[in-house]
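So that you can tell them apart, the chains are marked A, B, C and D in the order they are listed, and the count of residues begins at 1 in each.
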Amino acid sequence: MDPLNIGIIGMGRIGKIHADNLLRMPRVKLAAVSDLYADEALAQWAAERGVPVATRRSEDLLEDPDIQAVFICSHTDSHVPLIVAAAKAGKHIFCEKPISLDPARTKEALDAVREAGVKLQIGFNRRFDHNFERVRELVRAGRIGEPHLVKITSRDPSPPPEDYIAKSGGIFIDMTIHDFDMARYLIGGDIEEVYARGSVLVDPAFARYGDLDTAVITLKFAGGALGVIDNSRRAVYGYDQRVEVFGSAGSATVENDHPNTAEISTAEGVTRDKPLHFFLERYNEAYVKETRQFAESLLDGADVPVDGNDGLQAELAALAAKWSVRLGRGVKLRELGD
Amino acid sequence: MDPLNIGIIGMGRIGKIHADNLLRMPRVKLAAVSDLYADEALAQWAAERGVPVATRRSEDLLEDPDIQAVFICSHTDSHVPLIVAAAKAGKHIFCEKPISLDPARTKEALDAVREAGVKLQIGFNRRFDHNFERVRELVRAGRIGEPHLVKITSRDPSPPPEDYIAKSGGIFIDMTIHDFDMARYLIGGDIEEVYARGSVLVDPAFARYGDLDTAVITLKFAGGALGVIDNSRRAVYGYDQRVEVFGSAGSATVENDHPNTAEISTAEGVTRDKPLHFFLERYNEAYVKETRQFAESLLDGADVPVDGNDGLQAELAALAAKWSVRLGRGVKLRELGD
Amino acid sequence: MDPLNIGIIGMGRIGKIHADNLLRMPRVKLAAVSDLYADEALAQWAAERGVPVATRRSEDLLEDPDIQAVFICSHTDSHVPLIVAAAKAGKHIFCEKPISLDPARTKEALDAVREAGVKLQIGFNRRFDHNFERVRELVRAGRIGEPHLVKITSRDPSPPPEDYIAKSGGIFIDMTIHDFDMARYLIGGDIEEVYARGSVLVDPAFARYGDLDTAVITLKFAGGALGVIDNSRRAVYGYDQRVEVFGSAGSATVENDHPNTAEISTAEGVTRDKPLHFFLERYNEAYVKETRQFAESLLDGADVPVDGNDGLQAELAALAAKWSVRLGRGVKLRELGD
Amino acid sequence: MDPLNIGIIGMGRIGKIHADNLLRMPRVKLAAVSDLYADEALAQWAAERGVPVATRRSEDLLEDPDIQAVFICSHTDSHVPLIVAAAKAGKHIFCEKPISLDPARTKEALDAVREAGVKLQIGFNRRFDHNFERVRELVRAGRIGEPHLVKITSRDPSPPPEDYIAKSGGIFIDMTIHDFDMARYLIGGDIEEVYARGSVLVDPAFARYGDLDTAVITLKFAGGALGVIDNSRRAVYGYDQRVEVFGSAGSATVENDHPNTAEISTAEGVTRDKPLHFFLERYNEAYVKETRQFAESLLDGADVPVDGNDGLQAELAALAAKWSVRLGRGVKLRELGD
């Protein structure tokens, strides 16, 4: 069988992670990479890995008839036009989250995908984490009965630089978006209403951009199940990524991953090492799995595991959270209009 | 030194727990007990323990000049009149929570206490739990830096009978009230605003009384710290009582207590026994400590560890939660008026 | 029913623990205590608790026809003569471990007990610990299949004073004896052979008395199951009391008990408080249970939970360990002769 | 810089693991593989990975002047002649454990290595496990003070097939050898004496070959520290690989690794998934690290992390254990003669 030819648009940190993972897959060929700022270093990166094309023009990838799919890893503003162009060019698409900061534009992209009949997977990498997958499996198997409550703790080890904050779209679309998707994934249902409350406790820079760095978000799902997410931009002990689903027959929880299981007991107490530091350590394997499942969905005809609607729903929840803070009340997703 | 003479009004389950704990204290004498339904069984109970008086009339206790303090363990409606009467009689008071279902009446009771110059301790027993005490100690010692977030999981093993539900005052005043107090205790500050959202997922009986059985409550404290509480009336695996305080320098968490540390590994997995079943098991020692500290505050002149204002603040938070559900928005405690 | 009248011989620390536990039991009366060094302080101790007799003469207890049972908590040398005298006087007996340092003398005591037809319980308090009881229960229920291996970690927080070391009989009879009994209890079978190896690593004082402070002991049971015990006289992090039973269908383990479940995560790591400090904290409830079961065996006619042969078997294992160190080889219990 | 050319002799399971790990290393080239039973399948395996040579003759590798190092992954009997031949050919050597079943022959191999001035690393992969590395690091940093005791639990999920048992050399050389090395690694010192006791409890096949399937081994180190290892050929809950080092200032322990951190609480108890199943899962990363460190020692001139003497010492301990079982006493390594 011919290998699947894939191109990557946007060769920042996440583009390179996907590239390295694709390069290890036997039935996949990384045929081309593009980046607006492609330079000698990227050319060398490509040469060392046997990637034939490294270009500044994403069009080079979209116009190449041998390329069947593209990864869109460029900055958020470019996602919608690139999805539309790729769909028109008949390419299957893997796009990083969020699709856009505006649900109307996101829907435009999803329409283009639907019309073109191509596949679209959104980069919610956490769904592929071994811990969360196990909880989802237990929930789906009915081991906790009917889900009543999902709780998500999601804290970064340290805040991003100020210029990133300025353009991030705010904590809900930049950070909580993963948690909205995780909540939907674990419960297996849609969010109907969001209430959010936040503060600036970590870094006054967030206040300068009308943003928050600490937040608690309440969710209400169709059917009455509740959800709660807490976020912080700085957990000094490292990346804090825990979930719990509680239901009529029990509860499933996960703890953080640690670099080792060693525990030292001394006259001062019993101590173990901190959790894995950040997403590259914690979600290392999850990135591999998400890429593989995208490729397999193309090679073997399965559905993509995270689709465009999953992207849209998380964005709507983020928007509802933003409005909830402004209005001081719960906001229903259907209030956000069409 | 003469012993402290104490009387107990209301000899239901909780009255008897306090009685047994007082009976073991060397400097305390349990001088009398009263109950509206005092009968032969109670007389025998008293005789076996050497308690000289068992009566139907609480007045017998309040009029006895040798009794310095009373425990009010009768039904909620009677708390305010009994506090007022006891205060007027110059007795120190330990009163079970809540003081009343109406902050205006609670304030009336607190005024009477203030005027009489007697001590009043409210029965927030969880403050005396070894786990929560340790978290409070770590927070107070600055080990987690500035507190940003308090999280409380509080779930009962099974719902109360329907006739109890009918008169309970609702989940927030009956159940969450403990958690509101715990949040204040752990953070060391006052709740400013409450948002609550709930469902009936456990038992339709709750809906019949306009009540909820599953709830998520968001708190905002003076200074910007956030709080979140989740409640359920039924956790099939037993009493679920966990807290976390997260701050600028770290996080302090507690897990449930278990009856033993045994873990069995088989071909099916690794299993341990469920948490302690309910409050009698989990808070057994906490009840002893709260009673002892009340007695010591009288014997040694220390402040009571939980005072009337603590009772009022938790009741106001409960009321705010109730209004929040009705209004669909966050409710500030100061909106609740005077 | 008339209460059970009990006397205690030897009112050191352990005698007083038993006294306090007996005093709380409804069907038991602590009728008398004796101690070779009984003084004003003991008289006062007795008066405060309503114990009618406090004497220097153990004979006063043994000659009192109203006393049905005695606790022998005096120094080890006195155990055998007191057991013999008590048995002849028709008293049931609870005796602290070891019965003696010499199996021949121990057998003499057991013979006297048998002839008199009284009950004898040995003070292996650890059998009543909630953790070990749960493991025993799991083993007995077949949850781990056929037992293949029992592992016991048993370490004290700090070594005893030198004058105690001088008279202790050595680490195997003084400390490991509990572990020999625990191994028999958990496996539910008899030790056939013992190999022991040790060092002086904690305190050179042990070497001065030909003793060891660190030891590893291998056991072989009838049927082929193996056992291993490790001992240290000083674990700086506190009392270390863990067991594991491994078998054909799985493994059951217990961890130490901790004063609370609080865990603090900071930039330095994740820390919890040390285990409970020593036996008074760890085995507090176990002492209550062992005393209650002794009383119940007398009141209700049940067997005592730990009998004289249990005491003898543990002593024989200790002796075998001592010989094993001298001979550098495994020593069978049946080599120790009759 | 020119890459390091490596050949692998013996392409069974472990040979292929090393091959895959070497193939991912940038500065290394897998130049050739040999296997006595090389066939079409191996040729294809090599072709798919771009390995230029797949042969039945190990001589082809040893005679190739471009190959600087060989991995010896063939059956144990061939290790010594291959080490001698490779050393004479000036190749650096990575050899799987054990070097041989006979210390005299092992010394012969080590002599050849010394004379040729080549490097030799022994395949004690567990030293590279993230958990054990962390314990070693803590011990070396003095965090537990002076080591007094090392405890190793080492149990396989299921016994090998009978034909393997027949030729394995017995449990001590086949299985415990890893634990002897681990004990030396963790303590940082040499074993002086070994006592071993075992049974056949898992599978009567072991008895047919004079072998054991369950064992407890006591170690004595230079300086007086003690060690204890327990082995079983069948732990139904999976690979059980735990260690503890206890010392004058504390204790460092590790637990097993699990596939995830999920815990499910139901009315039946609290359950998590079993540990990782066997060495391929548990030591996956350790194999990568051991291979990389070998390559780096050649490329960068560092010492190999596990040398020939480490191999010899573990073999001597295994032999001492075998003799100990026969003689029923502790056996000193120096008794095993030269």
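The criterion applied here is as follows: contacts are C-beta pairs under 8 Å (C-beta built on N, C-alpha and C of every residue); 3 or more make two chains touch, one makes a residue touch a chain.
Nothing here was measured: the structure is a model prediction, and the numbers come from that model.
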item	value
Greatest separation from chain C - chain, by CA centre	A
Separation of chain A from chain B, taking each centre as the mean of its C-alpha atoms, in whole Å	42
Where chain A and chain C are represented by their mean Cα positions, the distance between them in whole Å	59
Whole-Å gap between the CA centroids of chain B and chain C	41
For chain A, residues contacting two or more additional chains	235-237, 249-251, 265-267, 273
Graph class of chain-chain contacts, one of line, ring, star, complete, other	complete
Complex contacts: residues of chain C adjacent to chain B	130-131, 133-135, 138, 143-144, 249-257, 259-267, 273
Contacting residues of chain C [partner chain A, same complex]	235-237, 265-275
Chain B residues within the chain A interface of the complex	145-146, 148-149, 151, 153, 155, 193, 195, 197-202, 214-216, 218, 220, 224-228, 230, 232, 234-237, 240, 246, 248-251, 327-330
